[in-house]
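The same chain A turns up in both complexes below, where it pairs with chain B and then with chain C.
Entry: the complex of A and B
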């Protein structure tokens, strides 16, 4: 193991490591801790210039209550859910299929198609912006959730294919050959042999794509406007112009917007991290 | 073949015979169609639009290379000032963003221990990456507030006074935003290295110890070579992240003060969909330039992956 395990070091360095660890964490998360404290402060603290001190009163229920009952935030949150969940399902479904096709079969153009997916995924969004916006307008999907969903599915399929294909490649090929000898149809091999083995990959991708889509801001402001279809990332800026300079409200709103992916992360930690390394680092 | 396709029973037997050849294409079809419509074709369309003047609604007017001439200052024109700023800011982003890789490695090495609760520590250190960049940007902009912001308060202890606050001063604004961006990106690189460190071969480490390798020499000669896959991915995601940076700029400064924090992706957005009117042709031209900058990196990444592919089987 590298660096040397702390247990093999002197008492003093063990002790200082244990002490330093929480201090480092607090320093690292200071910006977040600050927003949390901001979000329970009363308005008056900011007027008086008490930005970074302790709250003068505990306004948790007041501030968060206003986020949920006196703003468009609940609508934005719902929009985010209705955009993110179908996208995750769509992208994972499509990429399980492409991953299977590209990971199992040898045919001409296999690597070419695979690289097309990867390259497309690396491209700067901006080169897609004008045509995709135009296409969405022409399909009458501008400012709808469906318009965003369709684009997200298509774009995320590139990344998901990379992941799924590498995962399927690492599965024991003999399983598929054995099924073929038995005379099982190819699509049945996919459904009954490969798909059950892909569960970890599906879980990893789902969490990761959930986070990516939930946190998307660029496409949200390119393809939608207003509280009917916009997700919470775009909603938070609208919310902020409603509460200009009301830091306690903006903080509460930000925390509400940030919680779902954080929750997903903690729930599915292991899978999440597997997803980030693109399955390449074991 | 056409008759085989029309008759269901014959089609079935034909399909069964060619099962292995047909199935991959059937499985690829929906995704490829989707991906082509929304990603591949639009890249071509952007090239086409960049040769036009277009407000996004009416007819496009073909103007040839005009947009590029105005943008890059070809011929007798001067380079667009906004483009110049954006381009150099992009270079700053690229270079400084790469700091996330060594910083991530440093934190990963710090956390790669087995003490009680270390799993929770690792997850909490990773936190910044899970939160949306919009929120991170907001938080940092409060941190940088003139007078009231914590950064300004701390700086004043050292007698440093940044006029207009970090984000209000054209000299410091871009660096302030990059610092905000480095926070989640470092967390990302950290997690890549933590997983990489997990798979470092303990026998090689032991062998290195017996040969007297310690500290930095051990890291450089024994550990880092084994972390190559993690470094590669960290490099890929950091470069792409740097060139895509948009959210932070839009939220923290909206390109200001005096347009000093624009980068190409933001500039493109601004030209295409701004309140000054939709200049889609010009925007597309900017996107094409950004695409070519990215293309160098994409080609390199793909080449690396292709080489691994060849070695793999």
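Entry: the complex of A and C
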């Protein structure tokens, strides 16, 4: 069997493997470790040039306290929540409906619509930027969370529909036929037969979309400005220019901004990976 | 059947009209009717403010709490409207079909089935048209227009006019985009494969994989900020240069390790030409986890008997990997590769956050944003240049898009759908 379990190899290669791998791992995570250490250092360390030494005092509460109570960060975080959660709900709801329609019904235009969604998935968003911006301005949605939410939903449904359609196609079609023979109305088939079977797909997709939207930066700076509506990714750059050269604050800020998606990832790791694999392998 | 078409069209139109008129009206009414909820939340805010004696102005509290109230009722109304849409359209569909089929059950179900998919597809299709299709074509038409709307090809000609500044920038952007396109997916895929194979053979491989995967959850901007600490140059730029003091230490770990002197305080990603590779590395760092996860799932799917057969025949680990396993996950590699290529073409955050204005680091995406923000150099006001750059970017994606559509279609056919 390959890979040979490392225990069965020679002592030397076992040793080098077990030493090399942790070192590689630490190198990989070095920037994260660095940012964590930076975030608990006092201001004085950076002035003195003590960048990579041990922190001279432990300033965790001080630094993070300032992020949470003396900056716009909480507002940005809240905006991100208010943008991300409705987008996830909206995109998943819409795409399970379209996925159902495209996966189950044979109707004229099925294929055309399906390819439109695929194409929407691949369009580089730069080509949409200016017209979408004008559109949101005309609809009076510029610099509002609603504008950002609507656009995110529209843009994510491409990927989500592809995902959902493939998942529904893999479900046993006989279930739907059986329900039809029983005379169950179509929307009831969707709600009571198909939706419960889609739970794993919905979970996986929600986690995936959550990180996509939370981490979006481009649309955040195109469609919004200022702490009223901007999410935390845009907030972090504003935060950085506010605390220019205050490395401990910048680090604490970026950790705070990264915590929700990372937390979400650890909490829902299985679904996240399932989502990625489902989305890519199919 | 011919007689049923107009009936279907009529019913469809009736449903569309009802939905278009009824839903916005209901939404407006619901918003007006639930207005007092904001005041209620504001009152809770005032009460909390007074009992806890918060230090900031009461006005802020009121505003914040009424915003929370607004958000809550907006969510409830949105959900309600969605249910209303679903319920009304289905109810109308069935009701109208019953009426217009004149008692024939067969006709009734034909009508229902013809309209049903459009009820499910409708909302997403409207959003797709409004926010994707129409904007894409309007960018295309803008790219052939002057700012005042007169038709022109100047926006494109500008990119090929050697005397214009756009000429050099466009070429640099193309060169860099090409480098990103080749290097980033290659690195991600080879590293991802390597890690997927190596981590499978140690006991704590799962932990290692999880840790390598973590960067994927961090935003590109976040990753850029995090890596800036490693790549940074010397000194504290703002304060120190104002005072005229030369910075006397290296902030960036890598530069300190490379032994750069304190006077040389440029960040690594600002290096001419080579800086590009440091920017690329950030994206590789983020995306390797993605490649790794997919590959490790695919490798687990490789049939065990093929591996055993090869081992019995005396294949060494390298032959086993390159001759037996890799060919079997070839299609997965292809999928990951196309996904990464599209991602790279769209990448914007990392170069924009770190070196937005440096010609040498331009990508098509960042060049376009720059063109949109400030394009009036040497009297050449090419207002809609951004649109032509966007179209060029789109053109680079199209082959990939067609390839993917073709691949998905073929897979569907193989699966017998």
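As a working rule, the second predicted complex is superposed on the first by the 258 of 282 C-alpha atoms of A that agree within 3 Å, B and C clash if a C-alpha of one lies under 4 Å from a C-alpha of the other, contacts with A are read in each partner's own complex, and residues count from 1 in each chain.
The criterion applied here is as follows: a residue touches a chain if its C-beta (ideal position, glycine included) is under 8 Å from a C-beta of that chain, and two chains touch if they have at least 3 such contacts.
The shown structure was predicted, so the numbers you read here are calculated from the model rather than taken from an experiment.
Aligning the two structures on chain A places chain B and chain C in a clash.
By the touch criterion defined above, A:154 lies against chain B and chain C together after alignment on the C-alpha atoms of chain A.
After overlaying the two complexes on the shared chain, residue contacts for A:196 are found with neither chain B nor chain C. Legend: residue contacts after superposition of the two complexes on their common chain; A:82 is shown touching chain C, with no touch to chain B. Once chain A of one complex is fitted onto chain A of the other, the partner contacts of A:172 are absent, as it touches neither chain B nor chain C.
Of the residues of chain A, those at positions 1-3, 5-6, 17-18, 21, 25, 28-29, 31-32, 34-35, 38, 49, 51-52, 94-95, 97-98, 100-102, 105, 107, 110, 113, 115-120, 122-132, 135, 150-151, 153-155, 157-158, 161, 185-187, 190, 211, 214-215, 217-218, 233, 236-237, 240, 247, 250, 254, 257-258, 261-262, 265-266, 269, 273, 276-277, 280-282 touch chain B in one of the two structures and chain C in the other. Chain B contributes residues 16, 19-21, 23-25, 27-28, 30-32, 34-35, 37-43, 45-46, 49, 56, 109-110, 112-115, 121, 123-128, 130-136, 138-140, 142-143, 145, 148-150, 153, 183, 188, 191-192, 195-200, 202, 205, 218-219, 222-223, 229-230, 233, 236, 240, 243-244, 246-247, 250-251, 264-265, 268-269, 272-273, 280, 283-284, 286-288, 290-291, 294, 297-298, 301-302, 305-306, 309 to its touches with chain A in the complex. Partner chain A is touched in their complex by these residues of chain C: 71, 74-75, 78-79, 82, 86, 90, 94, 112-114, 116-121, 123-125, 127-128, 130-136, 138-140, 142, 197-198, 200-203, 208, 210-222, 225-227, 229-230, 236-239, 248-251, 253, 256, 285, 290, 293-294, 297-298, 307-308, 311, 317, 320-321, 332, 335-336, 339, 342, 345-346, 348-349, 353, 364-365, 368-369, 372, 386-387, 389-391, 393-394, 397, 400-401, 404-405, 408, 411-412, 415, 417.
Against chain C, in their complex, chain A makes its touches with residues 1-6, 17-18, 21, 25, 28-32, 34-35, 38, 46-47, 49, 51-52, 82, 86, 89-90, 93-95, 97-98, 100-102, 105, 107, 110, 113, 115-120, 122-132, 135, 146, 150-151, 153-155, 157-158, 161-162, 169, 185-187, 190, 211, 214-218, 233, 236-237, 240, 244-245, 247, 250-251, 254, 257-258, 261-262, 264-266, 269, 273, 276-277, 280-282.
Remark: chain A residues 1-3, 5-7, 17-18, 21, 24-25, 28-29, 31-32, 34-35, 38, 49, 51-52, 94-95, 97-98, 100-102, 104-105, 107, 110-111, 113, 115-120, 122-135, 150-151, 153-155, 157-158, 161, 185-187, 190, 211, 214-215, 217-218, 221-222, 233, 236-237, 240, 247, 250, 254, 257-258, 261-262, 265-266, 269, 273, 276-278, 280-282 touch chain B in the complex.
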